[in-house]
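So, here's a batch of structures to check.
Shared chain: chain A. Partners: chain B in the first complex, chain C in the second.
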Partner chain A sequence: MTDALSFDNLGVAYRVKGKMRQVLDGVSLSIAKGEAYGLVGESGCGKSTTAFAALRYLPRNGSVNRGRILIDGQDIGLLSPTDLRHLRQFKVSMIYQDPGRALNPSLPIGRQVAEVFELAGVPRAEWPARTHDILAKVQISDPALVMQRYPHQLSGGMQQRVAIAMAIASNPTLLVLDEPTTGLDATVEAEVLDLIQHLRHELSTAILFISHNLAVIARMCDRVGVLYAGRLVEEARTEEIFRNPRHPYTAGLLRCLPQAGRSKDKAMLATIPGFLPGPGTKITGCVFAPRCALADQTCRTVEPELLRTDDRASKCHYPDRINELDHISNAAPVAAAVRNSKTILQVDGLAKSFGSGTQRQRVLRDVGLELRAGETLGLVGESGSGKTTLARCILGLLQPDQGSSLRFAGEALAGTTALRSRHQVKSIQIVFQNPDSALNRAHTVYRMLSRTIGHLVGLRGAAREARIKSLASAVRLTERHLSAVPSQLSGGLKQRVAIARAFASDPQVLICDEPTSALDVSVQAAILNLLAELQATKQVSYILISHDLGVVRYLSDRIAVMYLGQMLEIGPAEAVFSGPHHPYTAALLSSVPTLDGASTERVKLTGALPSTANLPKGCVFHTRCPRKIPGLCDHDAPPQVKLADGHVLMCHLAPEELPAADRNIPPTITLP
Partner chain B sequence: MTDLPTPVEAAAPEHGWRDDLRRLRGSVSFVVGAVIVLFWVGCAVFGQSLVPFDPFADDLMNSLMPPSSEHWFGTDQLGRDVFSRVIVGARDILTVAPIATLLSTILGTALGLTMGYFGGLIDEVSSRLVDAVLALPTVIVALLALTALGTSTFTVLVVIAFSFAPIIARTVRSAVLSEVSLDYVAAAELRRENTLYILFIEILPNVMPPILVETTVRLGYAIFTVATLSFIGFGIQPPSPDWGLSISANYGLIGGGFWWAVLFDCLAIASLVVGINLVADGMESTLND
Partner chain C sequence: MMLALLTLWLLSVLIFLGGHLLPGNVGRAMLGPLADQAAVDVLNHEMGTDRPLLVQYLDWIAGFLTGDLGQSYAYRSPVAPFLMTALLNSAKLAAVAFVLVVPLGILGGVVAALYRGRAADRILSVVGLSATVVPEFVSGIVLILIFGIWLRWFPISATWVDGAGPLTQLYHLILPAIPLVLILFGYIARMARAGMIEALDADYTRTAVLKGLSYPKVIWRHVLRNALLPTISVIATQTVYLIGGLVVIEILFHYQGIGSLIYTAAKKKDFPMLQAGVMSIGALFALTTFLADLLYARLNPRIRFGGRE
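== the complex of A and B ==
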């Protein structure tokens, strides 16, 4: 049987500034009909290039300069324009990362989906019925209604369903999915992945699934290929590769992830030292050798072959020595920050609304929390739950509504930075989510640090210089980096600069708003280690906002769960994770894909997040709650349920009825 | 903490204005435009000492001579050499128009930064005022002002600066709006920078590319406006060999077949404006990506 897709020694290069840069180098892989193949790797490894090459849809400056691409046995490099069109019409479909941009904003969904049938030559009279059917197939509950909507009227998850419907409408042989769930919330991601899984069994389409998220790949794919610097370094069946990697890079990727049972107090995270070589760099020997702990003289001079044994392959000289690598970081955990019960920040009855009248968006309602000195409070919840608004209110960037109370070290905090004392402003700082946005691209690193120190600490001259140097070395920036502007730094370095700036004023409370979501896993591990280390040495309290529960679990002492601007649960990290916990927390936890691909029963959330302009009556979560008690939850606000150790949640269920985790999340996998 | 490597960057990519300049040199329209503009700037600065004839010297015996090997562009009614007058004529317009544009840029940038950064009521009110000013035709406003205040180069400068500033303000405002939502502005507020610092040191450098492009485009229009005002007698005053002025003095002669006294001045204005627009085009495609 011919394979649905096969790459034969594929090489792709981009012409950049007149020079050809090799982005894919000798990639060979094949996907059988009906098989799901996952491609993982960090950004810049060539994943998306692979996807576009499979459709012969490379950017204008890219070209295939070696090897062949076969789809269903046909060499697509030789196709005429008509045949290529035919191929894209009937044989391959692609689903992109951002459905909002993949759909045409000016066409109603019905018209847009019908285009696929129009192209396929289906008679016009059949379009509406066929469109209706295909939307029903992607589990859209009211296709007729959705067909009349425009893309901006649908949620991200619905948009991605529509994109999937369009992709499968022609019943293609091969479906290419490029990070299809990366922009979605965990609960929505889980639904979309369920859908893809379901469709796969129904349609027997081959899938090329591209993701940087190992757990998603583990859940979705039969076989996995690992790309590094444009080369396929390892390939194996999914359970094999995660249990028993045969390439140091794969092993490194797996060990970087924060795992259940690990926390900052017990061990530092493993990291992959060094950097990905830039595209087009001349490399002798193994491409991973500069970052590999196993590398020896052979590795640095002789490029290993992709050795295929049985049904797996590894491009390593020493695939049997992977076990010699350290499982976790050798580095001893830093001494934990002294956590005392002194409350440093107290928030009571915090509310924030935007707009007025019927348009009034109540983004935060009656939020209360207290942060103790030296601890980390993890803040989780779907996007739109008000996490960032809460952070901005605490910082004084947004003025909270009347009646809100914020206290720092016992003293009341004014609503805006301008009204706060210098001491208060310098004591509460933030590491923003995206360093590209947080660092002024026109300013040098030196300037950013020196302004902060000058303004908030009031140091001048030599004292300031000394302070800048010590900050830079604390986040492991060299003096050379100080004169750089952000565009000259990599993502990880930029985030280090942002962290250095946040620490410049010696804050006592530091808000970390998704500090690693813009970073690759190996860089993420280094940044998390850095944050843990700085917390211990500087005795600072963190409020950690993250959608990545693994990250939250690794760093947090306590966890708060937010939904629609309300705090549904707050308590010690272990208690919140293992339960008994709020039904919403249970749903959030169970929607996270697991590395071992174990499919335990998921708590499914139905429906979309209600609008903050029209909050549900009673419990805000009742519209989506699987444990809703009709007549009670949709009528009365839930009472506070107090459990042990200051674990508090808002629910009508009695403590003994509350759900609890029947598995560890994120799961423990037995590391190789 | 021993497992964190000291991060070492590969060759840092070029950045800043040096890189921009290098990329601009690769743009055909920018290079062609720049050559034309530099030619006229050269004429404005050194023209007086290079031209074969004194552009102000009458020679009534040789009036309205057609182009010849002696007078390349012919002579005008008073027998003055048209070639010399066209070359030297670049001087006044290339003084007034750039200064007027610069004034309008300074004014418009300050206004646009304020509107975009503060938003709210300030933005609402200023935006409506800007719309109102934009609704007025520049030449009519200029005529009114010049009639009321008396004809002078200073008035021309002020009028052009005021009527162009709103357009620049609008461009700057929209660029600032997308910057204000970036976190570096919040970071500056969190270290209690004053507003002027945030506006001019934090935000301004990041909105320079659109400002430069808009300024260049405005310069083209300013040349046009100055030439028009001179043509109707309210701009640059005689005896300057200014192009608009020369056209106005000689256009009545076209009917008599004496085209050369008008054509070359027209071509001069056109080429200068085209050159400036080519520069703006090149800048827009290179800087705004």
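== the complex of A and C ==
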């Protein structure tokens, strides 16, 4: 049987400033009909280029300069424009990140989906019915309504369902998925992955699944290929590759992930030292050698072949020596933060609403929390739960409603920065998610730090100079980096600059809003280590907002779970994870895919997040709660359930009835 | 809408003050330097120009709102009929220019975007920009010289004989419309090009291509509509320019439009005429902007439905 897709020694180059830069170099892989193949690797490794090459849709400056791409046995490099269109109509479909942008904003959904049937030659009269059917197939509950909607009227999960519907409508041989769930909430991601899994079995379509998230790949794929610097460095069956990697890079990627039971107090996260070589760099020997702990003279001079043994392959001279590498980091933390019981930040009855009348959005309601000196409070919840609004209220960027109380170090904190003392403003700082947009592109790192120190601390001259140096060295930026502008820095370095800037005024509370979600796993590990280290040495308290529960568990001492602007649960990190916990927490935890691919029964949330302008009566979570008690939960506000160690949650269930299942979040790798 | 009304009110104050703060006395200006001071005073009293400014303003604005545009000082007769004729004439000229330039500009922008970075794009950019920076009196004179005097293809005066049919009128209007077309082409083409490029690079265009749609269909269904939305606002503001910026063209081609009306009124210190002329252009500006917003909203579902539901 011919393969659904096969790359035969594929090379792709981009022309940049008149020079050809090789981004894919001799990639050979094949995907059998009905098989799901995962492609992993850090950004810049060539994953997306591989995906677009499969559809012959490279950017204008890109071209295939070596090898062949066969889809269903057909060399797509030889196709005429008409045949290529035909291929895209019937054989290959693609789904990518950010479904909101993948749909045409000015056409109704029904029209866009029907186009697929138009192309397939279905008579016009049948389009509406066929569109209705395919939307029902992707589990959209009211297809007729959705067909009349425009993309901006749908949630991210719904938009991705529509994109999936368009992709599978023609029943393609191959489906290419490029980070299809990146940017979606954990619960939505789980639903979309469920759907893809379900459809795959129904349609027997082959899948090329690209993701930086190893756990997602582990859940979805039969086989996995690892790309590094445009080369396929390892390939094996999913359970093999994660349990027993045969390439140091794969092992390194796995090692970087936070793991259950290994919090910041116990061990630092492992990182992969060094950087990915830039595209087009002349390389002798193994591409990974400069970053590899096993590398010797042979590795630096002779390029290893991709050796296939049994049903797996590794492009390493020493595939059998991978076990010599530590699979997990055993480096002890620099120092543990001294946590004392002194409360640094106290929030009581915090409320924030926008608009008025029936349009009044109650984004935060009666939020109370306490942050102690030197501790990390993790803040989790789906988007729209009010995490960021809470952070902005604490920072003084948003004025809370009347009656809210904020206290910092025992003193009342005014609603806006303008009314706060300089000391208070200095003491509460933030690190944003995306360092690209948070840093001024025109300023050098030196200038950014210098301005912040000048503004907030008021240092001048030599004192300021010394301060810049000490900040830079604290976040491991070198002299060379200080004179660079953001565009010359990698994502990880930019985030270091943002962290240095936040620390410029010696804050006592630092809000980290998704500090690593834009970063690759190895860089993420380095940033998390840095944050843990700075906390230990400077005794700063963090409020960590993240949708990555692995990150939250690694860094947090306590965790607060938010839903629709309310705190549903707050308690010590381990207790919140291991349970008993709130049914919503249980649902959040169970939506995280695990690396061992074991499919535990997922707690499914039904329905969409209700609007904050029209909050549900009784318990805000009752509309989606699998444990709802009719007549009680939809009527009375839940009482506070107090468990041990200040673990508090809001639920009608008795403590012994609460769900408790500690899943391996973050996933644990079982070692040989 | 409130904002537009506020703008119009401010405009009325400015015009009024501008007219009255200029040196010179209306009666004196009309009767000439040799006239008897007593006669000047009598005339000023008759016309009410000796009253306090605020009273004059309120009187004028009240009349304006009730449709009484006042008496022309120069013609000693109501302003309204003059203004209406002039507006109608200008509208005809603007319409001819508009009908020519909008499709041309959009087409130019679309072609430039589709051939981005290639010869067609460069040529269109250079031509568009060059045409935009040549003032209309220069291009107007060149056109008159070549097509009016030298080749004799078109009349050099835009004014037609009374009772001329629409085709004759059109024939007279082509030459004066061209300088306006030249100036606006660059703006519209550049906006259309920018919008097109953004839409061509958008993810939804990629989706359309990867569905296997043919290129013309991708452009027609998925790119054009999204691409041209921003262009609509530009066209709206430029339409007003078409009407307000006609002064030079109308003088050059001896055409009795709103531009030459304002020009003549200003020369003769005919304030009621001047004020009415400028106010009507202001009102047109507000109106076209409003219409453009409506059209934009009509074409843009994100505005039409007001956010996420």
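Quick notes on this structure:
We adopt the following convention: the second predicted complex is superposed on the first by the 666 of 672 C-alpha atoms of A that agree within 3 Å, B and C clash if a C-alpha of one lies under 4 Å from a C-alpha of the other, contacts with A are read in each partner's own complex, and residues count from 1 in each chain.
Assume a contact is a pair of C-beta atoms (placed from the backbone, for glycine too) under 8 Å apart; a residue touches a chain by one contact, two chains touch by 3 or more.
Worth saying up front: this structure is predicted, and the values here are computed from it rather than measured.
By the document's definition of touching, neither partner reaches A:2: not chain B, not chain C.
When the shared chain is aligned, chain B comes close enough to touch A:429, but chain C does not. Touched residues of chain A were counted for both chain B and chain C, and B has more of them. Judged by the touch definition given at the top, the superposed model places A:43 against neither chain B nor chain C. Of the two partner chains placed around the shared chain by superposition, chain B is the only one that A:270 touches, whereas chain C remains out of contact. Touch criterion not met for A:399: it reaches neither chain B nor chain C.
In the superposed model, A:107 makes contact with chain C only, not with chain B. Residue contacts after overlaying the shared chain place A:492 against chain B, while chain C stays out of touching range. Taken together, the chain A residues at the contact with chain C in this complex read 55, 57, 85-90, 93-94, 96, 98, 101-108, 115-116, 119, 149-150, 152-153, 163, 166.
Note for the complex: chain B touches chain A at residues 1-10, 12-13, 15-16, 182-184, 186-193, 202, 205-206. Taken together, the chain C residues at the contact with chain A in this complex read 202-204, 206-214, 221-222, 225-226, 229, 299-302, 305, 307-309. Listed in rising order, the residues of chain A touching chain B in the complex are 268, 270-271, 273-275, 277-278, 281, 329-331, 334, 392, 395-397, 417-418, 422, 425-426, 429-430, 432-434, 437-443, 451-452, 455-456, 476-478, 481, 484-485, 487-490, 492-493, 496, 501, 505, 526, 529-530, 533.
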